[in-house]
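Below you'll find the structure I mean.
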Amino acid sequence: MRWRARGAGAPSRDEDGFFHRGAEVTRIEAFVDAAFAFAITLMVISIDQIPDSIGALRQALKAIPSYAASFLLIALFWRGHADWSRRYGLDDRISQRLSLLLVFLVLIFIYPLRMVFDALFSWISGGWLPTTFTLEGVSDLRLMFAVFALAFGSMGLASGLLYLHAWRRREAIGLDALERDLTRHAMLRWAIIPLFSLASLALALWMPVIPGMPWTAALPGCIFFGLHGVQILMP
Amino acid sequence: MRWRARGAGAPSRDEDGFFHRGAEVTRIEAFVDAAFAFAITLMVISIDQIPDSIGALRQALKAIPSYAASFLLIALFWRGHADWSRRYGLDDRISQRLSLLLVFLVLIFIYPLRMVFDALFSWISGGWLPTTFTLEGVSDLRLMFAVFALAFGSMGLASGLLYLHAWRRREAIGLDALERDLTRHAMLRWAIIPLFSLASLALALWMPVIPGMPWTAALPGCIFFGLHGVQILMP
Amino acid sequence: MRWRARGAGAPSRDEDGFFHRGAEVTRIEAFVDAAFAFAITLMVISIDQIPDSIGALRQALKAIPSYAASFLLIALFWRGHADWSRRYGLDDRISQRLSLLLVFLVLIFIYPLRMVFDALFSWISGGWLPTTFTLEGVSDLRLMFAVFALAFGSMGLASGLLYLHAWRRREAIGLDALERDLTRHAMLRWAIIPLFSLASLALALWMPVIPGMPWTAALPGCIFFGLHGVQILMP
Amino acid sequence: MRWRARGAGAPSRDEDGFFHRGAEVTRIEAFVDAAFAFAITLMVISIDQIPDSIGALRQALKAIPSYAASFLLIALFWRGHADWSRRYGLDDRISQRLSLLLVFLVLIFIYPLRMVFDALFSWISGGWLPTTFTLEGVSDLRLMFAVFALAFGSMGLASGLLYLHAWRRREAIGLDALERDLTRHAMLRWAIIPLFSLASLALALWMPVIPGMPWTAALPGCIFFGLHGVQILMP
């Protein structure tokens, strides 16, 4: 655990084993926070304006599971960036560019992600949860998973590159042995995301579908979701 | 009262009796502030675009009481979070998760809350204040109060859990005797909200309605509003 | 002029003669900044979505004068708050409440203000500059000026109360003789706004209109605009 | 490269050769960051709401090149402001006004810029990439480039004036010989933008078009794009 001690000047290891290097808020951090917060807000509340009847209110409440899933996913990447900047305190050109890239990816993929989660929850609940989006046949399902894999994979890649950048600056930043270990580990965790996504993308596009069982096209997607669920929930 | 003294280094008790631990702005605070600010802004101004006639302007002005009530409610929870982070200066995993949960709850409930207040003020003013939302019968009224109780209760629960978390870290943070007393007190204040909400929810769903007097269904809701009004206005 | 000196620890008077007390960014400041920035952004760009033809582009460009006037007005109040918090560094309950009140007033009046400026610039340009809003007769004109006076006056009142609050805390903050003079002066400057607005409101509502010359109803509004223009442009 | 050293108090030159003067985040910086972040977010995601069919999803994905170009352009000006404030740490009236001017220009030109890029990418891809905006004849093309030149030029001018302001304060800020050189250089880089834009504007408005080859009207625009592309990609 970490807390900002009363009157203490020396930095201390936080609960993850890192010293604090990025205590002051930089411009790029302020920009990233505002963009993430705004994207999440628009994702959740801009679509259905104030419900104008009890029926619309019921529909709005049913969209909560899909909101929650999208919110969690975006929050995961935001926390990744917040951790990264607190641990390494880097604020150079490469950090700025990678941070802006991450913001850009979040912005372009935020509506497709909502759509994919809407469709998923509608499918899981057998149509009880609403979706504005209906899949027609296997090729639509394939495209949907391809988009999800592309979005998740590229956001994971940008996050991984941030950690790679910190790793390459390890001498300049002054990481000690424990911190180097943890940095290597974090790099690997993020690198898994684009690799899994690539595999999932390939499966989604080319896996043969057993005739009469179109849902087999969803198999790689489901495995992918499952694996990531495990990874995310791990401490 | 508190002010940031010229050149003074030592932390001082603020007007509530707490020392300052969270002087620096953390990433999660920046995120929470941005999300609350957007949510409040969208709640107030996104719905009715620029009024395009004098009539539309009159309607927009009549929505001010409902805006004010929603604004106050959201501001109450924002201030709760701001106080919490200034007092305890916690920035660990649990704090981050509870803060994100609070943001999520605000985002999903902000439009339902506006709707409830619109309906309430329209009802109080006998239809003079506008609402886009018309209640049809007792079951609609029940649902409306249930949603309000759910929203208010869950936001209160998240806020209460933040204080509970600070309480459990009291040794590590180094709270003194007065601060521990105040923390216990704050926990209780927040814990009352979900308890009241639960009671109100139960009444809203199951209270029998006296035939010919459908407004009796609104009774628990009104009691609930009244009690909270008293609690909020207390210093 | 003020700049943040390299390595200098002692606070220095800024170009207005004040010492810096509010160097660190507080939560309420972050909230105020985000809400003002968001309100200004929505005011300018949310209404006309991406122009979809050359004609729509031309219309969008013609709205620039009205954007500029609204932007200036909101920026004036934002700067007033920023100056206030830098000079006095207050962050107590009353400051928080007055700051939230200012945000609320900006949010509810931002669209009416845009509308008033649209109508004004359309009228000045003889209809060449666009407005979505057409005035029909004297009573519409009166209402428009009344809304403007109400918006401007109440925002000025909230700003003035912030300075009054700083004045009442002058001992605790430790204002010196020069700063007390400047604070009194700033209070007066802000107090003029609600007083002028009240006078303008009274004139707008009750001034008799010379038959056949309906624009005489606009007279108090124009005088009001003119006087404030002078005040704003003064150093 | 720059990083915030553990426990180090002395400022250090960053990778561009400047000392850090603007370590603390000022109100105007917070305002600029929030406004830029909203503008970029709205530009990318507010237009096409959640795609409601696979076809709409395909269209949304095809808009990515245009999003990317607009994002890059706005990010360029944001970074210019962030660099400027980190290097010189100025926070006086002129800085505030120039910063607010830059925000205003970004807000009014953000949709026209998206439109220009949409049209450009649609034209380059022979209509495969979507645009909501169809050019009809040479005069539309001319207007489009004129708007782009106006937007780009005026944002460049505002950025250049910020550097000019820092240059005029060079004694007060305490710039050393190397920093003065770099400041002069930065001023020139920004000054090129409005000069090029002016030339491009003149060409766009008055260049004769070879009969039967309407695209020759696009020539100055393309040269302009090309030159800036080179300038932007230079380190």
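By written order: A, B, C and D. Residues from 1 in each chain.
By our rule, a contact is a pair of C-beta atoms (placed from the backbone, for glycine too) under 8 Å apart; a residue touches a chain by one contact, two chains touch by 3 or more.
None of these values were measured; they are calculated from a predicted model.
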Among all chains, whose Cα centre is located farthest from the one for chain C?
A
Do chain B and chain C face each other with the same patch, meaning over half of the contact numbers show up on both, or with different patches?
different
How big is the gap, in whole Å, between where the Cα atoms of chain B centre and where those of chain D centre?
40
Chain C and chain D, separation of their C-alpha mean positions in angstrom
28
Taking each residue of chain A in turn, which ones touch at least two of the other chains?
23-25, 30, 34, 38, 46
Contacts from chain C onto chain B in the complex sit at residues 9-11, 19, 21-25, 27-28, 30-31, 34-35, 38-39, 42, 46-47, 88-93, 96, 100, 103-104, 107-108, 110-112, 114-115, 118, 132-136, 140, 143-144, 147, 169, 172-174
Given the complex, residues on chain C that touch chain D span 1-7, 14-15, 23-25, 29-30, 33-34, 36-38, 40-41, 44-46, 48-54, 57-58, 60-61, 64, 67-68, 71, 75, 78-79, 82, 85-86
